[in-house]
Amino acid sequence: MSSSAPERLDLPGPRREVSGRLPWMLVLPAVAGLVFLVLPLAGLLIRAPWPTLLERLAEPQVLEALRLSLVSATVATVVCLLLGVPLAWLLARVEFPGRRLVRALVTVPLVLPPVVGGVALLLVLGRRGLVGQWLEASFGITLPFTTAGVIVAEAFVAMPFLVISVEGALRGADRRFEEAAATLGASRWTVFRRVTLPMVMPGVVAGAVLCWARALGEFGATITFAGNFPGTTRTMPLAVYLALETEPEAAIVLSLVLLAVSVVILASLRDRWVSAP
Amino acid sequence: MSSSAPERLDLPGPRREVSGRLPWMLVLPAVAGLVFLVLPLAGLLIRAPWPTLLERLAEPQVLEALRLSLVSATVATVVCLLLGVPLAWLLARVEFPGRRLVRALVTVPLVLPPVVGGVALLLVLGRRGLVGQWLEASFGITLPFTTAGVIVAEAFVAMPFLVISVEGALRGADRRFEEAAATLGASRWTVFRRVTLPMVMPGVVAGAVLCWARALGEFGATITFAGNFPGTTRTMPLAVYLALETEPEAAIVLSLVLLAVSVVILASLRDRWVSAP
Amino acid sequence: MTLRARLVVNRPAFTLDLDLHVAAGEVVALLGPNGAGKTTALRALAGLTRMSGGQISLRGRPLHTLPAESRPIGMVFQDYLLFPHLSALDNVAFGPRCQGVSKAESRRAAAALLERVGLAGRASARPAQLSGGQAQRVALARALAVRPELLLLDEPLAALDAHTRLEVRSRLRRHLADFDGATVLVTHDPLDAMVLADRLIVIEHGAIVQQGAPAEVARRPRTDYVARLVGLNLYRGTADGGRVKVGELLLHTCEQFDGPAFVAFPPAAVALYRSRPDGSPRNLWRATIDGIERHGDNVRVHLDGPVTAFADITPAAVADLDLTPGQRIWASVKATETHAYPA
Amino acid sequence: MTLRARLVVNRPAFTLDLDLHVAAGEVVALLGPNGAGKTTALRALAGLTRMSGGQISLRGRPLHTLPAESRPIGMVFQDYLLFPHLSALDNVAFGPRCQGVSKAESRRAAAALLERVGLAGRASARPAQLSGGQAQRVALARALAVRPELLLLDEPLAALDAHTRLEVRSRLRRHLADFDGATVLVTHDPLDAMVLADRLIVIEHGAIVQQGAPAEVARRPRTDYVARLVGLNLYRGTADGGRVKVGELLLHTCEQFDGPAFVAFPPAAVALYRSRPDGSPRNLWRATIDGIERHGDNVRVHLDGPVTAFADITPAAVADLDLTPGQRIWASVKATETHAYPA
Amino acid sequence: GSGATSPASEAASGGDAKEVTVFAAASLTGTFTELGKAFEAAHPGTTVRFNFGSSATLAQQLVQGAPADVFAAASPATMKTVTDAALAGAPVTFVRNKLRIAVPADNPAQVDELKDLADPEVKVALCAEQVPCGAAAARALAAAGLKVTPVTLEQDVKATLTKVRLGEVDAALVYATDVIASDGKVTGIEFPEADQAINDYPIATLAKAPAGEAARQFVDLVLSRQGRDVLTEAGFEAP
């Protein structure tokens, strides 16, 4: 026996996990949660006017809104990454007085109804706003009614998602690797860039996905702050809302387009990023 | 010298960090991000009608809406935790065909404009909806226009935040601790409950905070699916919406109340939870 | 036989293929250089690494079809893996709790085990507050707490200081003696292996290269790795009566046989001379000094030449001979200290 | 003096207070039982643990005012802490990169260092794909790559197998010999300490209990921990000429002096008898056998009685005397093997 | 709370209706709340519960089976969605709303009449054509033969008004009621073409109104002299 050729294991099923049976205590609620999230989508799919769908998709206005949505959500996510990851680092790694309050303040745009968020942005960055006045006088920059305004509104609403996800990831990361990097002469910036950031990359990706998705679906703050004009500020959610006023079927089609595009993008991107480290 | 009494270190500043100077490459964008998130709040504060604020706060309708908001957001968060944490576990720990697609589908409620989300919920859970019909016929349960409906709408919109945060935390966690638990005879359920969950608690807390805050600010899906009845379904964001119709100043006051309450709750809760492990 | 296993694990640049038979109450030590596959073998036994083939049976029941949590094993990991959110006591009580023992009873048992490893006073400490060795001892207690039928230890004593090590080693030895299941122990320390194990299995590159009783392995190493482990110079050659030809060199030995052979002699048996000696030692060759290092109370000299060898000499001899690296020198070993055995 | 430090760290249940002076080119080994504070002392030197007091100066410049990244140190951690997202090569190249060396140049230097620790073939492996000992060697290379003035090693050889250990130890020794900075090394292995260090510092409970040249410490241990480390039986008593009173027992020694004294003798010097012997040994007492374990080629017998002691005897002697735990027996040591020195 | 069953079905199960559920356009929030109080005073024991929202959302809810007694919409189009589904009886127009040019109190662009809006220097906000105020604005501009390029097409009239209140735009076309509700922060300018673009507000009782009789009584109140006074005071015009 001890010199027999290695035998193949006769295991039940092709993908049997080493660590045992799946616990129904977890699988049951997980499936329930999934159904809860996906079922309403089924409702939309059933109601969608399939015959006219293709023809509607060909409308240039739809493509324009879609393009604008994707571009502005992506740029907003980049802005959020540039500002939000450092902010998360500050909250997770630096002790300063009032940190608890600051951490709670970061969630403000989440709690604020988006329309009020838009009003608040107007009060600050609008033509007569605190900072907006000065921006216009000094640099000739006006944000409302421009694509830049859409990005600002989306970034404002979506950034908390990024900050909170990344902060959670940073707190969960083993700080001793950062210590090891420090003994190798790495400044805090280098530590952040070459050790901390790569190690919390799954958290950053998760946060960026949340942020991007939230920006893509943003409606209230965008229309309030940036307005709604085809080509410059009318993103898909705005088009959907207006369609809802007159023909709900069209709104469903537009929503499905938005969903399909985002699901395809997320499904093709996330696993590659997430499984990297 | 070698036998001198231990001398106190003469360090500059009271809280000097061991690991060196703060890198401006991080602090600068962090502060910029913070200002960006908090400045609009300042705009609201400046515009708020302070003299009438207190008297408005005493209105029973405001307190009612606030109570309803807090209760429904909290119940929705509990629902999301019960369903969403297992779902996150499924996505992070179990290999199954189509996992990538499922992971992308989880973000659907994020991308869907909330009003369309509300319509979708009506299509499925409404009185004439796919599941709603059956719920009413079999159990006499109707969800639209009830507080339960508010909770359903909020949970639908907020759950992706929880799922994605927790999944990120799970992927970041060291799986070898789970292996160690398995060798000690722990079933996957026990491993989850006693090892995985405590280790990713910061991630779960971050997710729950996001989820709660998002549920608290939820407007579009709620008004569409649950309507806007004082006492049962009129949460603060709906009250803000109506106030915008009649007196915009009142809307700002109501928003500030919502913000103040949530900031106080988050500031008092989160650090305690987060610093536990 | 309690444990009969054939472990096959294929990895891109590595294949493990071992037969492992451990009797009830027997302690088998797995030795081997870094990367030999010792940890992989333990993980396969525990059900943590999927086997590409083979099978495991414990007391006649198949084990490889069970998930890790249903295998009656206790395991101590190379880097402890104590649960960071639980106190030392709760780490140890974890296993019994999973087996359905009541909370109070589990904690009592855990406290008793912590006492046995000398950590009664640190029961409430979190792993992050324990020193390396304390953590290792808690991990040991945690594995013992499940009363396993098969105990797997991945370098259980590596992080312990000499003092504690001695104590924990002899306690572990006593526990293993009481223990009627099989034990597989991975260690780098030949002393641990000699003291704790009834049998040694030496693996290199995923395959067994030598096994046997500790004394047998120590006397007759069959690979360079084992020879260094037990502190012998080892060569492979061809025996022809009382002489073994190793490369250019002809070594005289006590044993008489023909055919492929190993020859071994201890570094302490090597004598060094500045000029060619006219004495009785039959085995004499010219060598170059490659390096000199302190080794315990003696000095170990690395020799290059027709064979590479270590020689252990006293510091006084180093001074007398005025040895320096690069120097040419004569080395000799008496035939009576040179042992040959069939390869 | 290159390094002069007074390290004070206060923790709730632990205080570290050490004076540490290391000359240029000197290697100091920090020994001590688990939890003595060795890692804490290294972390304080590296700037990773805040000191409650004291100061550090290296080549006359104050070090304790610098953040960790500005201190010219290299450190090997007890549990490696290799960056999981970088290959072995990039882990080693990390330090030079931080010092502003170009990418290509850093990688060349890193490849050379990996070669030196025998891991040229695993340069592109991620830490998760390395075995324990491979990881340790990469960590060593990573610390050497920054060309530090002060090298801090927290058990750098603990996870290496005996074979590799010998090689890496002698390479490390050569590197330390070339190295003109100060080295502080934490180890549990007396052999590592003896081979690598010019001076030993033994700490217990956060304070120095003994220091000196390895041979001196080995000959004249001053605490139980050190005695076990170097393999001696040690007692404290009062000397009165050539005799030392240890509790009830009077031990005769070669040395002559008065006052508080330590007495030490090796386990191998203890002879055991079934009945009271009528011989020359002057030091004789009645003992109980507390335990017996294999110890290398010999057997170590644990004795209880007026003094607790270890005796090393041959397996043949065990068979002759038919020793069993619990048995009463006579133990003796010759006065010539019993050394006393002032306490 | 009382969340398990909807307020309307509670009323229905009570047999003798004690509760009237009114779905009303958000622009009716102020006036209908006042009328509700008056109704409750006149019919002791009966309560009126309002569900204010965008007319389109309300119509959607009704089509999906929402239990309601009365629907007051801000446009005939949304009412039509409901009547087409055979959910409501014949609707009656109870008020009309006329457009005004709204400018910030300091009128920075010196706008006095409709054709000033065509000046490219003037930033104008209009409602989107999909919502009633946008449709009305389009009709008015068409009647005047003007081509106006707005900077934004808002989703509802309040959002349009907000832009004027905060001075983000120089002018906008909104309803007279909105100007009156703005408490002087916005100035309203009447213009003759507004007569071509009047918006009708229809009201109807729903076919399966659980409150039956009480629902009709509420509609009667809205159409009564008393109702008309409350509505015209807020800026609405009688049909």
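Worth a mention:
All chains are identified by letter, namely A, B, C, D and E, in their written order; residue positions are counted from 1 within each chain.
Definition applied: a residue touches a chain if its C-beta (ideal position, glycine included) is under 8 Å from a C-beta of that chain, and two chains touch if they have at least 3 such contacts.
Source: prediction; values computed, not measured.
The chains touching subunit B as well as subunit D are A, C. Note on interfaces B-C and B-E: more C-beta pairs are in contact across B-E. Comparing the CA-atom centres of all chains against that of subunit C, the greatest distance is found for E. Per-chain Cα centroids separate subunit A from subunit E by 36 Å. Subunit A and subunit C have Cα centroids separated by 53 Å.
A straight line joining the Cα centres of subunit A and subunit B is 14 Å long.
Taken residue by residue, subunit E touches two or more other chains at 57, 60, 162, whereas all remaining positions touch fewer. Residue numbers of subunit A whose C-beta contacts span two or more other chains: 17, 19-21, 115, 119, 122-123, 179, 182, 187-188, 191, 241, 244, 248.
Shared contact sites, meaning residues of subunit D that touch two or more other chains, fall at 47-48, 67-70. Subunit E contributes residues 54, 56-57, 60, 77, 123, 125, 128, 130-131, 150-155, 159, 162-163, 166-168 to its touches with subunit A in the complex. Contacts from subunit B toward subunit C in the complex involve residues 176-177, 179-188, 190-191, 194-195, 198-199, 201, 277.
Residue ranges on subunit A touching subunit E, taken from their complex, read 115, 119, 122-123, 126-128, 144-145, 223-224, 226-230, 233-234, 238, 241-246, 248. Touching subunit A in their complex are the following residues of subunit B: 15, 17, 19-23, 25-34, 36-44, 46-47, 82-84, 86-87, 89-90, 94-95, 100-117, 119-121, 123-125, 129-131, 155-156, 159-161, 163-165, 167-169, 171-173, 178-179, 182, 187-189, 191-192, 200, 202-203, 205-207, 209-210, 213-214, 216-217, 219-220, 236-237, 240-241, 244, 248, 251-252, 255, 258-259, 262-264, 266-267, 270-271, 274.
Residues 31-36, 39, 78-79, 130-134, 137, 155, 158-166, 169-170, 173-174, 188-191, 194-195, 224-225, 228-229, 291, 293-297, 302 of subunit C touch subunit D in their complex.
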